[in-house]
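Reading through the structure tokens given below for one structure.
Just so it is clear, A, B and C label the chains in written order, and each chain counts residues from 1 on its own.
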Amino acid sequence: MSAELSQSSGARKRSVMRGVGMFLLIPAGLLIAATPPQVEKNIETTATPRISISNLSGKVIVKGWDRSQVHVNYTSSSPQVTVDTEEFPPQGPVDKVHFTTYIIDHSTPGEAATVDYTLQIPAGSNLEIRNPQGLVQVESVQGDTSVESLGGNISVADAGGHLAVRSVGGNIEIIRPSGRVEAYSINGSLHFVDPATSRLHGTTTSGNIVYEGDFVPGGDYILSDYSGNMDIVCPPTASFELNAKTVRGKVNNTFPLVSRHSSAPPISSANSLFGTYSTGKATLELTSFSGTIHIRQK
Amino acid sequence: MSAQKPAVPGVAPDTQLIARAQRGDEEAFTALFEAHKRRVYSLCLRMTGNVAEAEDLTQEAFLQLFRKISTFRGESAFSTWLHRLAVNVVLMHLRKKGLSQISLDETENSQGDPIKRDYGGDDRRLVGSVDRIALTRAIGELPPGYRSVFILHDVEGYEHNEIAEIMNCSVGNSKSQLHKARLKLREWFQQHQLQPRGKDSTGRTPPEGREEQ
Amino acid sequence: MIEDQHEEKLNPSCREFQASLETYLEGEGGLPAHAGKCPACGALFADLALIRSAAETWPLESPAPRVWSNIRARLETEGFFREKEGFWKRWMAPFRLFPSAAPIGALVFLIVFAIFLFSPGDLYHQSKSGSAPALVATSVAPATLTVVEANLVRTVQEMEKSYKTREAYLDPAAKQTYARGLTSLDSSIRECLASLQAQPQNTLARRYLMQAYSEKADVLASALEYDGR
């Protein structure tokens, strides 16, 4: 009897253990099966390769580093979405790398066709990114950089070469650029922080523009918006020649300018301000149709 | 390649349309598209088995064609040129998707399930004719490499030496893949169609109204 | 493997026939008597011939109308279509002396247009010497659109028509973003036109108007090319 009891007790224990095991294993299995496909690669490159990323939706994060190597890590949301990598030349250190996201099954809904990229690339790379939806972040790339999005926000920091950023609906943030800058958005806002460049052109239709920082002597800074407000915040040590014009908006300035009076007929219903601050080393051209332009000291 | 289809009466021949298209005549572009769209689209659809992909590839093929139309000098038939371009567009697309094509060291198992060969056994025949829907389904289930060769040879009329050049394989490989593709299709039809005398593959007479198992 | 075992059991006639099946299907050489004697080989040959025949006569299908719409829109954006020539121009075509002037003329037009669009200080010309500026009025355009401006407006209208046919096929997020962008630009166009109506000499408003049309052309071109990326 006791043997029977101990046998049945042992059997019960085993079945309990099995149950616990299943309880743990099944979710683990499901978790592994549900984990989106992730790929990590290292590609040996020259010191100044051309890198391009053509994505559909998702985050794209790129940082420059001091190795002649591209380290990429991408995660796709679905096995029906894949990334094609092309490297040129086929042998030896690569000079061009293209990453392209493809949908294998076109019935995959748009929100499921997401690939998140994280890359480290040689700092001297030339970079081109197309990412219609999703955040793009670029940091410390010294070559020429071009970023295009449809609705995603774009943030670029410490770019060295020619920087061209375009979006239809995304906000654009550019921090400490040292090369020429062109930034365009239709509905998004533009934010420039401490530019060290002498050529900067920013345009938005309905977004706002904020410029925080100094101006490089001899530099040209052209900022234009339509209905948004413009806020220029610079140190008292700045030196610029100002052309600020609006059609229906206003110009508010706190810098003591040497005003320039014109004898030409004024633009009716426009509020404009022309003048020089300090020695007028940089040129600021600010235009807004109906927004307010603020120029103030930090 | 198979013989070209006869010209549609009342439609300007390709040479005239091409000359007008080279001068930027929009109507000529439209007419060229209308004249060749079905063949190009059908090729793309049969090779990919997917309507959206086929539409994209058709667009891509015609765009490439129209962009290069100024370089067309009439050395070959226009339709041949267009068709070859469309085939290249489709194959490039399939390669980019990483779908297996013919490899030089092709083995039985590298293209899906092993093919059941009829060696002196079953004498069942396929019934009557193979309808379009069944053919579409059957070809859609072929492995990509078999499908490409079957479509290029039996549907589009390319010769084996042309297929070998297009797909970068040997003539022998092309012939072998075609044969395997046909055997696979036969196997599919045998599994999905009635046997002679109205019996299904189990030998039973199905209920009225059912044609396939 | 199972096939190897089958092949080993195969009688030599069947093996020989099936090894040459491809040749018989291609119509090279006559069909051997074995096909009539062996039910399995005969059935195999008949079936493969049937499949081949079905493939050869597989009817063609037509693509949806949107395929041509998309192609046409791309070709138009890329400038493949030329305006229809009037009777006089067609008649004069053989007498054209400077066929290569067309691209040069187009380039000059683009440069002039670009200068017009992007030149700063439409009405004011600032002296770099630091003295009081000499005001040099730029050529102030009349209240009505110039030929250049009218061409841009017409191009945008054509692109908008193409966009309307394509719009339905965009994914919802893209469609929403493009719609918002175009709405903002349309709003700015309306306001600029209202300003110009009230003040026809307002060159800043005119500049904004042309800038809005130009940006609208860019957005429409992007939407027409949009394929998900």
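Things worth noting here:
Going forward, a contact is a pair of C-beta atoms (placed from the backbone, for glycine too) under 8 Å apart; a residue touches a chain by one contact, two chains touch by 3 or more.
The shown structure was predicted, so the numbers you read here are calculated from the model rather than taken from an experiment.
If you sketch which chains touch which, every chain touches every other chain without exception.
Relative to chain B, the chain whose mean Cα position lies farthest away is A. Chain C has its Cα centroid nearest to the centroid of all protein Cα atoms in the structure. With centres defined as mean CA coordinates, chain B is found 44 Å away from chain A. Separating the centre of chain B from that of chain C, both taken as means of CA atoms, is a distance of 26 Å. Each of the following residues of chain A touches two or more other chains: 100.
Chain A contributes residues 54-57, 100-101, 103, 110-111, 113, 130-133, 150-151, 168-169, 184, 186-187, 203, 205-206, 222, 224, 226-227, 241, 243, 245-248, 260-264, 267-270, 274, 276, 280, 285, 287, 289-290 to its touches with chain C in the complex.
By the touch criterion stated above, chain B contacts chain C in their complex at residues 2, 23-26, 29-30, 33, 37-39, 41-42, 45-46, 54-56, 58-59, 62-63, 66-67, 108, 114-126, 129-130, 132, 135, 150-151, 154-155, 157, 175, 178-179, 182-183, 185-186, 189.
Residues 1-3, 6-7, 9-11, 14-15, 18, 21-22, 25, 38-44, 46-48, 50-52, 54-56, 58-64, 66-68, 70-72, 74-75, 78, 80-82, 227 of chain C touch chain B in their complex.
Note for the complex: chain B touches chain A at residues 50, 52-53, 96-98. Those residues of chain A lying in contact with chain B across their complex are 82, 84, 100, 102, 104-107.
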